[in-house]
């Protein structure tokens, strides 16, 4: 028996650094399970990679190519564009699509999107998490009143997605928010930062992407805005985002769902069983334990555990995509379980249900000291209750547009072979 | 005296695009200090022959498929056009080909650059060219693309002279020039020919002039050299008179004693 | 006079229309029954959409001689316009939405074509980048275009024409093929008519065209309009028939270059060149990547393979340009001629 | 406008001018090649990436700074020669669009090679110049930007002098005008092209280092050419002085536009504003500020 | 010594000058009435330049040039290189705008002739430097000469509506007639750009002739041709005038051809008109001899 992971990876092009880290971590973890445990309950994990260069149509080509392979467990493209193009297709093919930390916010609603899982975090909860963090720094949500926050966002749909949420939270907590766009790709930000300096905000939230991040930090330094007052979002939180900025990044903080570092038991095991055996995926060993690598590992844990949970119900054999979907919908890893997996403090916990596909992930914040990230906060919970109605409104509209019948809990319980 | 031969073409075949045959065996030879005229009607292959001599065919997607062209003992195809210019083989292209955005004087200077002349030499040569073509001196600072057709032709010839050629190849130099200027040019060429031993190969439609100044002539038809001989002899032939000189065009043709 | 070694393709043997008709018959009659899902979804659909875009750009660049680097923008305009027509005008048939989208793209094309009245060559080419960036910006900036989708992504509506649903993969293929065939046929008619010749006259010699009385300005704008119309419809196919969901970022500069590649590799000023070029540009990377991962997948990771493919693709493009600057279409002609002469030689021998 | 913040205006202006110089640095590389081939070299961005990546990886492997600089330059020269041999020479006398496509193919190859050899990681690059602002009459000015401007000024001066006082400039223009005639006149196209490509490799190296220090050395470095294109259009494709002046104008006006009129459009207009500005300008002067006018008559 | 290789076709009969077929007629009403008028207005200038001055950046290319062209005549303009001949033609067809002076054409008076409308005004021209559409076949080049008269839209042409089809057929037919007339039938399917120079010139003439223009401006149509070919061209020019009364303005450096062909000759030098008259008058004008013709050929034979 075997369970297959089609990997639409990208190791070339503008986002190669993220791709190599993430898919490296994912593969390392799958390797660990195979080598150490002989697979998941005897079911071997297999995979192959198809290069997408982060381009949608290459992702689609990969999808069509890889889907002919039997026993697919789940798709993990790590690209919003590709994920979008796959939603119709995977819904027809009944295989789950995992968009960890990214993807369509309203796909959190499992009633409308049975096969899509934006695990751990979606853009809305991310926003709420950031505001909660800033509040904790100020000493409580009520202290946010009359504070001024600037959001510097990437000029793309991704960057703009959270604009209404910031507005909403600003109204709710009484702070002012100014949202400033940086045109893609973001290699010039002089005017934006001059505007920021003039606005004298208490914090700047950086909702960046790729090269925009180091340039933001550098330009902030250039206009004399302190990095300690800048908070990055989940796509502005990697080593690749700060290293090019050099000293300008010291003191910069960013949100994350998984901490960096190689000290966690699961990473040590990976180093021991995978890298020391010469099977490690990262070419540059220094990148072991980096943010993207650890995200890949966490993603591996989530995928593998979903299979394990589904096996408990359907038997220790190769599962169908729909059965794996069931596994994801019962993916509950509390802190004890996370510790048992050797990932204590690597990530907090997850609690996915048939209608909540995000799983209420906790976030934490890391600060860059010029060499590495240091944890700078406790695990923080976003305000899920506040966000849920907004998400449902959006997903219901989608359901209406597409004539999708809302799924019920019973529908979710059954899984086809 | 084989050494006496500056340029020799031996049954040259050439095609464009590997499909269009333009030359089907052109042969002729040119002695040092001589003027050879190539005659032939439209599309006969004169320009192609000349481009083959300067090894310029590849740049027009053409190639010599067989045969040899020997310039002073070397096969021209194994030298780059620039090396040929440095060796003294310079061509005035059909259709002027001035550097349009360069001024007339810059065009002329560029001819000197081709053989890496010294500044002083360039200045001297410029004066000589201006002496031959006073009109150019008046226009020296005008972009050559804006000058008149004849002025462009003068510029092109002047530019070639600037590289102090030993074998000058001219493709229809008289085109678009006023009669007086044509006469001037051919006279100057003849003078250079006489004084400095300059060898000249000229393709001309204006056969009257060509045959008048040339020592020898070769007639090309359909890419084949069909007739060659001393210019004076050719001038006497009725068929040549009829066809190329336009004299007594209704003369009954006579078969040659081949 | 020079003699051509062998005769042109058309002048002997089978009638000219036979080949296109045979291809069309196969495309409509055989492919839907025998092609795998992979072939349709991953190869044929993008091939059709890009071919059509190539045909459109060829009108402008190949025939009228105006280089444009903003084709992807017009694809985007087409896709988003069709989406909005379909969404906002109740009961508008899908074909009408597509045609209307083409018209919108044509209108935008005319606006961005205005500089061509003064600019030439690379100055014009670079100025068309303004369209590329402006359109992408506007579509991202104003949520209205994507019906306020938080991610700026549009989803394709069902493709229902006269009660028949073309939303399945074969259906979308047939739909796209129908649209492409129709527009290609019309384009072919146009380029062989006086309008097409007018395009070429302004490409080859604007002054002469002006003096013989060809309305230069009008012709240029017409070229922009027609080309943008077709590219816009190609954008609709890309969005509705192929990907089913697109975001503005999908129509970026790389796409514009891809279309330009198609036109030049295929052959400027030939309609079939656009198809040959698109075939090469769509199929070749896929073949390379499949062959690469099949033979070398165990030795190298996918990144190394892909970078090597990039190098190979670049080298191939250069090699093509050197071997046959007139594009695949000309290369094809030459091959056919070569075969004919060989065959002919054998038959007569 | 009593409350107009002049200081702020001045600051935006200065920042814009300094950014503009950075654009110019990239634009000059284009100019060099346009001057001799009449084409836009689309591989300029890839060359920039390649040069910076090579340099930074050499330094990271312990090669001393100066040596790395020399070695990288050497590699760029070799690349120039190789490009001439394999691409330009066989494509002599072909229409510009063909050559343009070839540079696109070239950019694929160079990008592929760069990443294949040096990997796809993101590198930081520290040139040892502090990027901290100092205050000058209330205006913050970045030392790094000043340094970059100095480098640009030196480069422009050197190139201008080179073109003015050597005859090379003349042969460049001749080659760009009519390659066939240039061949016939005896200009050594191979040598000229190789020189120019090597020179633009040097420019790519300098621009790559300065931009690399700003952005980090990574794939996105190749995108800075998009900033240089409107500069080129404005200044004229074939004018070094134009590249500088164009850069200053574009830099300043794009920043001022973003700050002062951006809000009316909802911000983020920098991406296209430069192009629209350049376009508007071209309608008045179709060959840019300093570009050679198209010479045509019948 | 004289070597003859292979065959020399100039010698076997093919070289004799061909008989010229008469120029085919286009049956249009406008044409016949015009012809009627032409007969009546024989003496009125069809085209007149009135005190034309034009300069380029300080260089005066034409200064105070007057010129009249009578309907149906062949009017030559000669002069040294750079005298302003081409500029004069460019003024006539609207490519140049004179600094001062006016152009009168067929009763209309212009400061600058609208170049776009020149074809409609009945003006056609050829260019000194070839200006063919290299990417079109000879037939298409010639057909394009009639493009200005098209009234069908691109849509009509694409779908093939009645009018579009009719226009297309008429234009083709007319173009083919002209092509036959100029002996271009053999190359009619070839791309114009690949033809030898001389033939390209002839294609240009065909393109100019095809709309059956009232005024035909020829800027060195015979440059780069052999004597025979020149005579052939001269024959075409003459035939065009003979058959239609087309008024022809001819720039040419071959004095023999000019003298034989033209009714009146204007001579330009340094932008001024230095002589104007019949061939005989011009031939013997001392100013013309000094500036352009030089001393007679026979006399300088010796100083070679």
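So that you can tell them apart, the chains are marked A, B, C, D and E in the order they are listed, and the count of residues begins at 1 in each.
Please note the rule applied: a contact is a pair of C-beta atoms (placed from the backbone, for glycine too) under 8 Å apart; a residue touches a chain by one contact, two chains touch by 3 or more.
Please read all numbers here as calculations on a predicted model, not as lab measurements.
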Distance in touch steps, counted as few as possible, from chain A out to chain E: 2
Far-end chain from chain D, centres as C-alpha averages: E
Central chain (by mean CA position): C
Top chain pair, ranked by number of contacting C-beta pairs: B-E
Whole-Å gap between the CA centroids of chain B and chain C: 47
Gap in Å, rounded to a whole number, between the CA centres of chain C and chain A: 36
Chain B and chain D, separation of their C-alpha mean positions in angstrom: 43
Geometric centre distance via CA averages, chain D-chain C, whole Å: 31
Sites on chain C at which at least two other chains make contact: 1, 137, 141, 207-208, 303, 307, 310
Set of chain E residues in contact with two or more other chains: 86, 95, 127-129, 131, 196
Per-residue overlap in chain A, given as positions that touch at least 2 other chains: 11-12, 16, 20, 155, 183-184
Chain D - residues contacting chain C, complex: 34, 39-40, 86-87, 90-91, 94-98, 100-102, 104-113, 115-116, 120, 226, 229-230, 232-233, 237, 265-266, 268-269, 271-272, 275-276, 278-279, 282-283, 286-288, 294, 296, 298
Residues of chain E touching chain B in the complex: 1-13, 15-17, 56-57, 59, 79-83, 85-86, 128-130, 194-199, 220, 223-231, 253, 255-256, 292-294, 300, 304
Partner chain D, residues of chain B touching it in the complex: 54, 56, 58-60, 80-82, 84-86, 90-93, 97-102, 106-107, 109-111, 113-115, 143, 145-146, 159-160, 163
Complex contact set, residues of chain D against chain B: 92-93, 167, 170-171, 173-174, 177-190, 292-297
Chain D partner contacts - residues on chain A that touch it in the complex: 11-14, 16-17, 20, 155, 180-185, 187-188, 190-192, 194-195, 198, 210-211, 214-215, 218, 221-224, 240, 243-246, 248, 283-284, 287
